[in-house]
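To keep things simple, chains are lettered A, B, C, D and E as they appear, and every chain counts its residues starting from 1.
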Amino acid sequence: MIDQIIFYTLAFIIVAMSLMVILARNAVRSALYLISALLGFAALYIRLQAELLAGVQILVYVGGIMVLFLFVIMLVSVRTMEHQARQTRQWKAAVVIALGVAAELIYLIVRGGSIFVTKQPPDALLTKSQNTQVVGEALYSTYLLPFEIASVLLLVAMIGAVVLAKKKI
Amino acid sequence: MITTNHYLVLAAIVFTIGVIGVLTRRNILIIFMSIELILNSVNINLVAFSYLLKNVVGQVFAIFVITVAAAEAAIGLGIIIALFRNKETIQADEIDLLKW
Amino acid sequence: MEHDIFGAIDEKTVLDANQVVINMGPQHPSTHGVLRVKLTLDGERVIDTDCIIGYLHRGTEKIVENRPYAAGVPYFDRTDYVAAVSNNLGYVECVEKMLGVEVPPRVQYIRTMMTEFQRIASHLLWLGTHALDIGAMTVFLYAFREREEILKLFEALFGARLTIHAFRIGGLWQDLPVGFLDACRRFSDTIGEHINEYEGLLTNNRIWLERTRDIGVISAQDAIDLGLTGPVLRGSGVNYDVRKARPYSAYADFDFDIPLGVHGDTYDRYLVRIEEMRQSNRIIQQCITRMPTGPIRAKAPRVIKPPVGEYYHSVEGPKGELGYYIVSEGKTSPYRVRIRPPTFINLQALKKLVKGHLVADVVAIIGTLDIVLGEIDR
Amino acid sequence: MLVSYVPIIIFLVVAISLPVVGLAAGRLLRPFNPFKEKLMPYECGVDPEGDARERYSVRYYIIAILFVVFDVETIFLFPWAVLYRKLALFGFIEMLIFILILMVGYIYIWKKGALEWV
Amino acid sequence: MNILVNYVVIPLVKIVVIVAILSGGIAYLTLMERKVIARLQHRLGPMRVGWHGILQPIADGLKFIIKEDIIPIKADRFVFTIAPGISLVPAFIVFSVIPFGPPDSLWGTGGYVTDVNIALLFAVAVSSVGVLGVILGGWASNSKYPLLGALRSSAQMVSYEVAMGFGIIGVLLVANSLSLVEIVEKQRSMGVWFFFVQPIAFLIYYFCGMAETNRLPFDLPEAETELVGGFHTEYSGFRFSLFFIAEYANMITVSSLAVTLFFGGWLRPFSSVAALSFLDIIPPPLWFVIKVLIFLYIFIWVRGTLPRFRFDQLMRIGWKVFLPVAMANVMVTGAILLKFL
């Protein structure tokens, strides 16, 4: 019962905020709604016992990437765009296509759902002060290569950003 | 009872919202935010399966997804800034030339 | 950035200029009054500045032209309102020069001593606000603690603290009160220690050095070309001080040094002013020990009607050469009075000094010029 | 222990209610007397020059980017540090490589002057 | 039912008490600041309201509430309204994970609101959210000084957050746990405060904390002599006070985390020396408060002494001094630890 309340509350927050992200007129408002949605995701991760991930989500997404977004919104003035149309011309077709994709996804989930419908797994998966260790072990042993590649990715991001910010490309 | 299916459906809804945002909005910044939504919906799936299968690999990959999202945001926003300085616009449909 | 990746930094290509015009003042905490500076910024960097003055214009010069000579003195309390004594001295001496009156030595000694007190008070106010602008709030209150003592001395002698109508044409309003010299001696014995205290907080402070070194550098030649005077000029190493160059009052009798800077940056100007306070104290001490006795008034005519002519007299105010140019038509009030306000001319340097610096430096540079808007706008 | 997150939610609710209650209580008490000059944006007592939403220096953006990159780096360090005793030498070398790769970028941006504010 | 009591009722009581103490503490922290600075400056500080100004914070608080609340005409009203809240709320909820007493204190309920196993990460993450309030507040004002202040402020805060994170990693390498309770316990079992193990990490952490909370010598965002009031120039009345409270709450957070990570949290000095056990007469939460007060005093003391940095110098210190030093500290600590493994 409590489980249902938690899930549906979070799901409602996430869906509502996500909708607001794409409906808001002003980019700063969009960013605000996205922040709320991201916090909802973080809460959901905690529910799914991915505590480390929840912390990472808040630290990187809310405290990092969204700050970056807001910076950029401030750098490119948003004032001029508020009076223009929000949607592209093909928006009706786009919505139809997207809804088609959604229908397909949900159909797949419902039809194939029996594979996933299991009894709720017990909370014994990851006991106290374990999650970080368990994730870490996987990260630094089995997934060593992706981990090192991540640093290359960050390196590229760092250099790319500096190069892009110069005047002439 | 909340099953994995619930999470999958939620992820599918968020994914769709993200796709609609990407396809319909003109403001590149909001398109970017929609992409973040899509990435997050993927993360939900990863974490839900990690919970279902009692295997943390899903969470490890979610961390990588976040890393990718950070790199993507950094570069993508860099491109937006470069674009804005050259074209004075951040409307997606006004940026329709391959070269200027 | 066309060269190799570890090549030299090409400033223009890395970051783009987007200019923002921002008003600093007239209601800004650090423009020291109602100065309005229009800054053109690229990010935090100042590309251009424009000073807009006149918010405190009261037409002092015109008012004085319509008053008898003696009634003009109080108006000059209000030009540089933190250095009223120096202003009065300049005007009074100028009128005395017009009349050809020779004031008695006791008067000259008292005037010199009080002017030096005023110099210390003015520099203390400058030090406090300058430090406060750069964020060192404690120095401000320390400086005001000592300034308060000086103001108390003023009150004892002149009956007021700020706008004091210090001197009369031909002499003084009253002789030194009983015990006044002892109070002066007490002050001058302790001020040295207090100056050390300020220096302890600032002179070798890393942050202070970083904030003031190489900020607002002006070369000796540029300083002369702009007509700068006072500590701003001497900070660039130009040895010009009216007290030595054209001694007035009793300055010829005293032994004191003119501190000079080397680099002409904000830090050097700071050092010059600090040292000037010490030198002023030296003069005060000499005044106290050698204070002559005698009358406190010269034989000046009751109705002041200077002969026809043009007169200029300048003194070394705390902020620079303070000159009075008076044209007389032989009437009871002057035909034309013109003040040479040191800070008005020093303020010209702002544009040159701040170019290329950051917003925070603008504040430091306005502080180092030691401006008083009452004098600039008159 | 998921329940241990419940107090955080409660704290969140309490913390949010504080400003809400304060603002609501204040609304009953405080005066409301706006006029045009009062509501003007502050620009030191003169009419504002141009619009405030000008574009500002790109330098701020570079700082934010570098922050995000290093922020992501720290999230890899957190579990690593927790596990350090277990990982030992292997972990040390692993992280050394990770940090060295990022160091290349750090030195690059240093040399490029992106860290200078000038 | 037990869960309800343990995880809802008891924490709720603790939360209410903590919030009350925190609000009162912040109010009196302002008084302490004014009094201490007044002492440094040879003056008295507030003297009029109550004995030696003891009621001054209450008068200030009342004034904040009854002052007119101005929303500039060009502002984005919604964002303008919630921005101070975004600043304040994270500053408060960090305290849900900070332990101020051992797990067996307070009649066995534990000297903390909750002990989650990612407490440290949570604290770092949540306090990084506060910067959003600053950006949004400055943006929503739609005025130049706040915008410039917000950009400056957030650039500064994020810059120092990086070095701060690296500084914390040094402690984590020694403690091997993200739970703040365990970190303190570890300091007890090792018999040494982590300050003596990780002094460089502490210095980096504390200086970055000063920068994060916008305190002198890093108070550029609010440098009234340059940017008037920085990001909160347009704020008045209660909304302004929320930013103000957030700043002071952050000061307390930084001090509390410094105490927890480096100075043994609730432990008495030399907790391993039995000869000093008479110090146990002071209960652990009080030790915690005393230590926090010492750090708060240093905050104030520094403010009374130093001038402020310029923005480029600030950035240079953050990126070119603190960050490399913190990174080197992590790797050197790692290398030294290898010997002990």
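Observations on the model:
Following the convention adopted for this analysis, contacts are C-beta pairs under 8 Å (C-beta built on N, C-alpha and C of every residue); 3 or more make two chains touch, one makes a residue touch a chain.
All values derive from a computational prediction rather than experimental measurement.
By the document's definition of touch, common neighbours of chain B and chain D comprise A. Of the two chain pairs shown, A-D and A-B, the one joined by more C-beta contacts is A-B.
If you average the CA atoms of chain A and of chain E, the two centres end up 29 Å from each other. Centre-to-centre separation between chain C and chain E, using Cα means, comes to 43 Å. Each chain gets a centre from the mean of its Cα atoms; for chain D and chain E, those two points are 15 Å apart. Each of the following residues of chain D touches two or more other chains: 1, 5, 43-44, 48, 53-56, 58, 60-62, 64-69, 71-72, 74-76, 78, 82-83, 91, 99, 106, 108, 112, 114, 116-118. The residues of chain B that reach two or more other chains are 63, 66-67, 70-71, 73-74, 77-78, 81, 85, listed in rising order.
Shown for chain A are the residues that touch two or more other chains, namely 49, 52, 55-56, 59-60, 63-65, 67-68, 71-76, 128, 131-132, 135, 139, 150, 154, 157-158, 161-162, 165, 167. Those residues of chain E whose C-beta lies close enough to touch chain D in the complex are 3, 6-8, 11-12, 14-16, 19, 23, 64-74, 81, 84-85, 88-89, 92-93, 95-97, 113-117, 121-122, 128, 141-148, 151, 154-155, 158-159, 161-162, 165-166, 169, 172-173, 176-178, 228, 233-234, 237-239, 241-242, 311-312, 315-316, 319-320, 323-324, 327, 330-331, 334-335, 337-338, 341. Those residues of chain D whose C-beta lies close enough to touch chain A in the complex are 1-2, 5, 51, 53-56, 58, 60-62, 64-69, 71-76, 78-80, 82-83, 86-87, 90-91, 94, 97-99, 101-102, 104-106, 108-109, 112, 114.
Of all the residues in chain A, the ones that touch chain D in their complex are 46-47, 49, 52, 55-56, 59-60, 63-65, 67-68, 71-72, 74-79, 123, 127-128, 132-133, 135-137, 139-140, 144, 147-148, 150-152, 154-155, 157-159, 161-162, 165. Put simply, chain D touches chain C in their complex at residues 43-46, 48-50, 54-60, 62, 108, 111-114, 116-118. Against chain D, the residues of chain B that register as touching in their complex are 63, 66-67, 70-71, 73-74, 77-78, 81.
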